[in-house]
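Down below are the structures I want you to see.
Okay, so chain A shows up in both of these, paired with chain B first and chain C after.
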Partner chain A sequence: MAVSKDDLRDLFAGTLAWDKTKEIISGPKDDDRFEAVLELLQEQVRWPERILLPLREHLYIVESGGSRIVKCDCGHEFGDWRRNWKMSAAIIARDDIASMEEIYPGLRRPDPNLCEIREFICPGCGVLLDVESVPVGYPVVFDALPDIDVFYDDWLGRPLEDHQDCEDRTAEIISKWAKPLL
Partner chain B sequence: MGKDASLDPQGAQIVACDAGGTMTDVIVVDRAGSFAIGKAATTPDSQATGFCAALDDAFGPRASTDPATNVSIAGVEACVYSGTSMLNALLTGTGRRVGVITHRGEEDIFLHQRSRQTWAGYGVADLLHHVAHHRPRPLVSRRLTKGVTGRIDMFGVEAIPLYEDEVRNAVAELLAEDVEAIAVCLMFSYLNPAHEERLAELAREVIAGAGDPPVTLHLSHELAPIIREQGRLNTVVLHAAAAEPCRRQLLGIEGALRNRDYRHPLQVLLSHGGVADIRYQRLHESTFSGPIGGLLGARYLSSVTGIDNWVCADMGGTSFDVGLIMGGEPMLDREVTVTRRLFNLPTLVMDTVGAGMGMYVSIDPLTQRITLGPGSAGAEPGPVCYDLGNETPTVMDCALVTGLLNPHNYLGGKVELNTSMALKALREKCADPLGVDVHYLAEGVLDLVTSSLREHIRTVLGTRGFSAADYSLLAYGGAGPLLMAGYSSGLPFRGVATLPSAAGFSAFGAAAVDLTHRYQKSSGIIVPDGADDDWKVGMGELVNLGWDELEERARADLSSEGLDWAAASVQPLAYVRYGGQMEDLEVPSPVPRIGSAADMDALIAAFEALYERIYAEVAKHPQAGYHILELGLTVTIPKVKPRLTCHPLQDPTPTIRAVKGQRDVYHGRRWRPAPLYDMDALQPGNEVEGMAVIEAPATTLFVPPGHRVRMDEWSMLWLTSGDDQQ
Partner chain C sequence: MTIQATPGLDATLSPARDPISETGRTLAELLAYRRCQYDATGCYAGITHPHVLNDDPVRAELFHSRLLAALIAGRETTRMVSASPFVREVAELAIGIYTPEGDNIAQSPGIQVHIRCMGEVIQWMIEHDYEHEVGIDPGDLFWCNDPTVAGMHPADVYDIMPVFWQGELVAWVCTVIMEMDIGAVSPGCMPIANVERATDGMRFVAEKVGTNDELRHDIELKIKNSLDMADIFLLDRKGAIAANIRVRQEICRIIDEFGLDFFKEAGRELIEEERRNQIARIRQRTVPGRYRNVVPLEFYMADQPVSWLPARKDHIRLVPVEMRIERDGALVLDFEGAGEWGWHPFNATPSGMWGGLAFSAVQTLAYDGRANLGSLLPLDLRLPTGSVLNPEDVRPLATASIWAPVIDVFSLWCGMVANSYYMRGFREEMFTYRGGSGLQMAGYDQYGTRRPLLAAPTGNFGAGATGVCDGLDAGGALITAEVDLGNTEIWECFMPYLDLGRRFEPYSVGWGRFRSGASIPTTAMLHRSTETIAAGVVGGAAEYILPNLGLGGGYPGGRRFNVVLRNTDIAELIERRAPLYHELGHPASPEFERIDGEILRLHHMPPPMEVNDHDILIASVGSPGGYGDPLERDLEALRIDLEEGLADPEIAENIYGALAELDPSRNEWEVDVERTEDLRAARRRERLARAVPVEDWWRRTRERLVDGDIDAMLLEMYQSSMKMSEAFTSEFKQFWALPDAWTGGVQ
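After this line comes the complex of A and B, so read on.
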C-alpha cells in the first residue's frame, strides 16, 4: 500500500491515528518504503552524511569519508558500525540497592545480586539510547550487526560503491582496555 | 420453494428484509410458497426509503410505476426486519450521548478493557503480531464514566453499602454533561440487584430535581444479568446509545408499511434467532441479527426436509460466514465479539473470514506471490469491472474474465460489467509482474480462494471435533453457488446443495422463524457427584426460583406487547458444565420445574446425553460434579412462515425454456464451451451435467466438468461429482 510522506512523518512522530497505523502494520509494504523512510530521516537530521540504515531510535549507520559509522541525530559519532556503539556511550550502571531504588523503589526493585541495569546515554546530547537488564557481569549486549552490503545487494538490488566485511570488531575496543598480563 | 416469476402479489403473505451496510434485500413470500427477491441501496438516514424501494423491486413489473398507487400489502401477515442499523449507530457515534455509572475504582474500565479486546476480531496474521494488538476506542469517554462506592460480593451479600451522596453527585455531574442516557453496571448485580435498584431511585430523584430532562436509565441486571463485567457493560451501553434511535427508524418503516395497508406490528429478528415486536424492551438483542438469517433458513429447511445436520456457508461481497446446524438446531454463543468488542448477547454462532468476491488481489512485492486481501472493494467503488474508479483487481474480476460470470446478467442485467477493464487491471497488476497469462492467473486466484474457504470450513468443523461426513453443505449468499464446487471439493460431505433463492436466503431465513423471546440470568448452583436427594431438591429450589423470575419477566414483556401468554410455549434452560470446566452447554430442561431429586437427575441426564453427542462418551467426567452457572428461558409463539412446497419430479432433461445458450469458460487451463441454463426455468427432477453455468438474476452456479447438478422435489440444487453420485 502506498503510504504518503506526511503519514510516514506522523508515524515516526507517534502522532498517526491508530486506524491508519494498523493499516500500515497489517498491509504489504510498498516497493519504495525503505527509500521513503531514508529520505524522511535524512531531512530530519542536521548533518550531511548519507544515512545507510536507521539502527534504532536516534541512531543511524551513516557513510562518512569512506567509512561507515554509527551516528546520533545530535551529530555525536560512535565510531565503526562493527564495534558495539554501547562501548562508546556514557553508561549508568545500576548494580546496587541505592541506585536501583532511584528508579524502582520498594518491592519493584530487583535483587542486585541477580541482575544489573545499564543505561546507555549519548555523550553528545544526553538522550537515553538503550537500557539493558542482564545478569551480573554479563557482557554488554551487541543488539544488531546488520550486513549492510547483503541488504543493499540482494534486497534493494543497488549495491553500495564499496563493500566492507561484516564481522564483530567490538573486541578491538576491549583489547585496548585490557591490562597487560605481564 | 417456488419461482420468482410465479409470485402472486395479491397473495403475498410474508415480507422479510435484510438491511446490510450497502444493500437492503427484501423477500416476499406468497401463500403458495413462491417468492420474489428485491434489492435496493440501504438508506441509513431513513431506512424506510431503502426498505420500500427493495419491496417495490421485489414486486418488480407487477408493481405500479406510479408511487401513489403502490402495491397493497394488506394481506401480508408478517413483516420481519433484520439489519445493522443499531450497530452502525453505535460505531459511528450517531447514537445517544451516554454516561456510565460503575464502581469507584472501575472508572477506567473502557480504557483498560478486557485484554481479549486487544486482538478480538483479528485474522491470524494480526493475532500473531503483538505490535498490531490495540485496544478499540472506548465506547464511553472517561469524562462520562463515574465511579461510586459500594459493593455486593460474589455471594450476593452487601460487603460495602452504597454511598448515596456519591450517586447523587455522579448523576448531577452526568446531567451537567448533557447526557441523554445513563447506563449503570455494578458488580454481581445479577446475583443481587439491590444497589442498582437503589442507584436508579436516587438517579430518578436527581433527574426530577434537575427539571426532568429526558434522560433514560438503563440497568445491567435488567438488560443482561450475566457474569463478566466488560461484556455486560458494553451491552448496556449499546442499548442506551442505540436502541431508541433504532426503534425510531423501525417505527418509521412500520409507518411506511402501514401506508401500504399493512395491519400488523413490524417484527425484528433477534440475534439468538427469535423475532419480537419492535416495541420489545431489549431491542439491542437485534444488533447482530444480520448474518444469522441464513442459519435460520437452514434450520427451517431441516424441519421440512428432515436433513438435520448442515454446514451453512454464506458468501457475499466481503466475507465468508460459516455456521452449523446440528440436530436441526443452530449453535448459540452467549458472549459475542463484534467490531472487536465483547457483548453479553446470546447470538447464533457464525465463524467469519474476510473472503468475499470483492476481496483485493495483489502480488506481494517481496515474495512475488499472489496475496488475497486484506480488504475488500465493497459495493462502492466495487470491483474493477463495476467501472466506478477502483483499479485494484478483485476476486470477482477473476470470475468475470474466466467466463464464470455473465457481464450482461449481473443483478439480472441491472449492472453491466466491464470485462476489458477487469482484464487490463489483472494483467497489469498481477499477471505481467509474474510473467503469466492473465486467464491462467485468474483461475489460479479462484483456486486459492476456494482452498482458503475450504480450510475455513475444515477449521470450523475440526476445532469442534466434528467431521464433514456427518453434514451436508448448504451454499448461499450471492457468490455462494459460484464457487461451491471448489470449496466443497475434498471434504466428505453427505451432500452439497444450494437454492434458487441463494442470494436472498438470509432474508428468507428471517421470515422463517417463530416469535421468540429469550431470558437469561447467572446463578451459582452446584450438584456434586453422589449428592444426596436433599441436596438435589435444595438446589432444585434455587433453579426454580431463577426460572420463576425469568418467567415473570417474560409474562410482563408479552403482556406489554399485547401477546397472549396462553399461546406461548415455555422452555426452561440450564447452562451446565462439569466442575472445573470453562465452557458449558445449553440444556433444554426435560421438566418444567425441579420438584424432586428425580427431576434434577433428569436435567443432569439431559446434559450428559447432549455432552456425549457433541464430544464423546469417554469425555464425560461426572466425578467432577455439575455446575449450573446460568439459567435461561425461551418463550415461543408460533407465527406464520413461508411454506416450502414439494413438487412432483419431472424428466431429468431440462426443458428448452431453461437452455440459454453457450459461453466459453476458462477452466483447467483452457477455454471450453459451457452450456448456459436459466436457474428459474429448471424444474424439480432436472439434471445438468458439468461443465455448465446455471444463471439466476442474483447468483450463478458453476458446475465443473465431472460434476452434475440435480434439482430435488424441494427445488434444492444438489451438486455431485462423478464418483459420489447420490
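After this line comes the complex of A and C, so read on.
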C-alpha cells in the first residue's frame, strides 16, 4: 500500500489520524517506502548533502565530499559512518543514585553499582539521541553498522557511484585516545 | 538455519527418487533425505520450483484456509474442555500440523514459541528409532515436556499424535499447553529454588502414554499420584487429545477431498513458500548490516534453599548479541562472548532459544497467518557451547526457567530489528517488549486444597513505543498476543488471595517522544490461606540493570520490583472500614508505606518465605522502551496522559520538560505551552552544559577498570565472558585500551 508523502510526514510526527495510522500499521507493506521516506527527509533537512540512509531519529548517513558521514538534522557532523557516532557525541552518564533518581525515582531506580544509564547528546543541538542502559564497564554499543553498498547494489538495484567497505572503524578513535597512555 | 544430516542415518537415497511418494520408507530415511535435499539445494525439501500452489492459487488458498480453520477450531475445542485459567484466560496453548519427518506446515494462533520445538520432539523420536523400538501406530499418543529433548520448560506439555491415511503415516498433530502444576518443588511450575533436574517436577521424555486415542490407565494413575492438581492436568490432556483428534479428522477430510499427493506436496510447498516469503519480508523491511546490543542476566541464588550447595552464589552473566542481515536476506544472530552456564534453572538451550526467536519473528515479521517452519529457515543462531545459552549437558540441570534468558534476549532483538525498520522507513513496525516477573504462591487454599501453582496475571505489562505512536497500555504480551486477561479474578478461585488493586502505574513507563504502554502491578492480599509460601517467578533475568530497550533517544522503563507486606494492620482497617491499600502511588514514597507492618523489598529472585492472611504481595513490572527524546513529546498527548492518570505533574516537568496544572474550575489539566517551550530550550542548554565529551568519560571509566574499581560481580561477569571467547576478550581490551594481562583483579 503506497503511503502519500503528506501521510508519511504526519505518521512520523504522530499527528496522522488513528484510522489512517492503523491502516498503515496493518496493511501490506509498500515496496517503495524507502524512496518515499528518503524524498520526504531530504526535503525536511536544512542542508544540501544527499541522504544515503536515515540512521535513527535526527541522524542521517549522508554523502559529503566523497565521504560518508553521520550528520544531525541540526547540521552537526559526527564523522565517518563506520566509526560509532556515539564516540563523537556528548555524554551524560548516570552512574550514581542522585542522577538516576532524576529519571527513575524510588523503587524504579536501577543499581548504580551495576548499571549505567548513558545519554548520548548531540553537541550541536542538545537533542537526546540515544539512551544506553548497560552494565558498568561495558563498551559503548555500536547499534547499527548498515551495509550501504550491499543495500544499494543488491537490494535496491541502483548502485552508488563509489563503494566503501562496511567495517567497524571505531578502533581508530580509541587508538587516538589511547596514544597518551602508551 | 542449517539442518544437519544425522550421522548413522541413511542419507544416500538418490535425490532422483522421491521416497515420500513410495510406501515402505522408514521415517528415519525420510528425515535424512529431507535434510540432504535442503543442504544440497537451499530449498525446503529440494523444492526449487514450487508449482502445486502456484498452478491453482484458489485451490491452494482454500487448502491453507482449511488447515488453519482446523487448527483454530482445535484450539478453541481445548479451551472449552480445559478448566485451567492458563488455557481459558491466558490462552497459553497452540496446535500445529507437521510433516511425517516433523517439519511444521501450519500453526494455530496462540503461543507460537513451540512451532519448531514440537517438531524437534518428533525428530528426536525418529532419530531414536521409535518406528521400530517403540512403535508408531494409528491412535497413539506421545507426551513430551523434557527440555533436554526440546522445549521451553517442563510446564509446557506437548501432546503428540500421528495421522495415518490408509496405513501410511502422513502427518503429525501436536498441541502444547502450559501447566500450572508439574509436580515441581514448591512453589509453582517455574520454581527458582531449583537447580537439579529432580526438583523440576515430572518429565515425560517423548513417552508413548496412550493407544487407540485413549490415555493408558497406569499413566492416569501416575498423574493422580504425582500432581496436586491432577484434575487440571488431566482435563488439559483431554482438551489436547480432543483438539488433536479434531484436527486429525479434518486432515483426513482434506486428503479425501484434495487427494493424498496434493496434501503432501502442497504441505511441503507451504514451508518452502514461507521460507521465500520470509526472505522477501526481510529484504523489503530491513537494511543489511551489523546490529548490536547486550543482555545482562542477573542470578540471585545465594540465599536459595537448595541442597546442591555449589549453586548458592549470586552472579551475573553477559550475553552480547550481534545480528547480521546478509546480502541474501539471511539473518544470523551471533552470541559470541556469552558467559558460562551455571547452577540455576535459568540456562537457555538451543531449542529454547529457537522458541524465543520463533514467537518473536512470527509476531513481528511473519504475522500473516502462514507462519511455519519456513519462517525460521532463513534465520540462524550461533550459540557458544558451554555458555548460559547452551550448556554442554543440560540433563543434570533444572530447566524450569529457560524462558528467563530467552525473553531477555529476544525482547532486545526486537529493538535491534526495529533500528533496521527505521532505516528502511517502516517506523510503524518498530516494537519492543519486556520480560516480567512476579510472585508465585503455594500452600493450602480457601477450600483446603494444596496448591503448588503459578499465578500468571500476564497481559499486565505495557508494550514498547513504536516509531509512530505510544505503546499499548497493558498490551505488551507478544508471547501470547491474544491474551487480555480481562477476567483476572479467576486466579482468586485458584489461590487464597484477593486482588486489592488494578491501576495503571505511570512510573512503569519507558519515557520518550512516544512513550511505552503503562503496566499494571499485581496487588494480592492473602485470604483464607493455610501454610502458604510466596517466592518469585521469573520471566526475564534483568533486574538492577535495566534492559537496553530505549529506541531513538527513548528510555527503557524503570526497574520492576516485588514487595511483600507482612504482619500488617489490614485486618483492623477492614474492621474499621478504613481505606485499604490499592495502588502504588509515587515510587519514592509508595502508598504501602502507610500500612503498619513489615515491608520486604525483594529482587526478582526472592527465596521462599512464609506468608499469612492479610499479608500483601506486590509485583510490579517495568514497561519496555520509549521512542525518541522525551523533550519532544507532543503536549496534547501529554495532557491526555495527565487526564487519564498515566502521568503526573512531576513526570511532566522532570521528564517531558512541560509545565502542567489542574484547572480546578473545570477539573481539567492544562499545559502552559509558552513556558513549556522556554523550559525545554533551557533543558537542552542544561544538557549540553552538563554533558562531557565521550573521550573524558572513556578515560574515567577506563581508570576504574584498570583499578578494578567496579562491582566484583561485574568483574567476575567480564571474566566469564573472557574465558568463553577470545574475540570478546580482544574487543573488550581494545575498546578500553587495557593491557593484555588485565583481569580486573579476578584470579
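Going forward, the second predicted complex is superposed on the first by the 178 of 182 C-alpha atoms of A that agree within 3 Å, B and C clash if a C-alpha of one lies under 4 Å from a C-alpha of the other, contacts with A are read in each partner's own complex, and residues count from 1 in each chain.
Rule of thumb we're sticking to: a contact is a pair of C-beta atoms (placed from the backbone, for glycine too) under 8 Å apart; a residue touches a chain by one contact, two chains touch by 3 or more.
Computed from a predicted model, the values in this text were never measured in an experiment.
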| message | Contact-wise, after the overlay, does A:104 reach chain B, chain C, both or neither (first, second, both, neither)? | response | second
| message | Applying the document's definition of touch, where does A:11 land relative to chain B and chain C: first, second, both, or neither? | response | second
| More chain A residues in contact [chain B versus chain C] | C
| request: Scan A:50 for contacts with chain B and chain C and give back first, second, both or neither. | output: neither
| request: For A:29, select first, second, both or neither according to whether it touches chain B, chain C, the two together, or no partner. | output: both
| remark: Contacts of chain A common to chain B and chain C in the A-superposed view 25, 29, 31
| field | chain A partner contacts - residues on chain C that touch it in the complex | value | 281, 283-285, 287-294, 296, 298, 316, 318, 325, 327, 416, 419-420, 422-429, 466-469, 507-508, 511, 513-514, 544-550, 552-556, 558-559, 561, 563, 584, 586-590, 601, 620, 622, 627-632, 634, 637, 654-655, 683-685, 687-688, 690-695, 697-699, 701, 704-705, 710-711, 713-714, 717-718, 731-732, 734-737
| remark: Per the touch rule, the chain B residues reaching chain A in their complex are 125-126, 129, 131-132, 134, 362, 364-366, 371, 374
| Within the complex, which stretch of chain A touches chain C? | 8, 11-12, 14-16, 21, 24-25, 29, 31, 33-34, 36-38, 53-58, 86-93, 101-111, 113-115, 117, 119-121, 123, 125-148, 150-151, 154-155, 166, 168, 170-171, 174-175, 177-178, 181
| query | In the complex of these two chains, what residues of chain A are touching chain B? | reply | 18, 22, 25-31
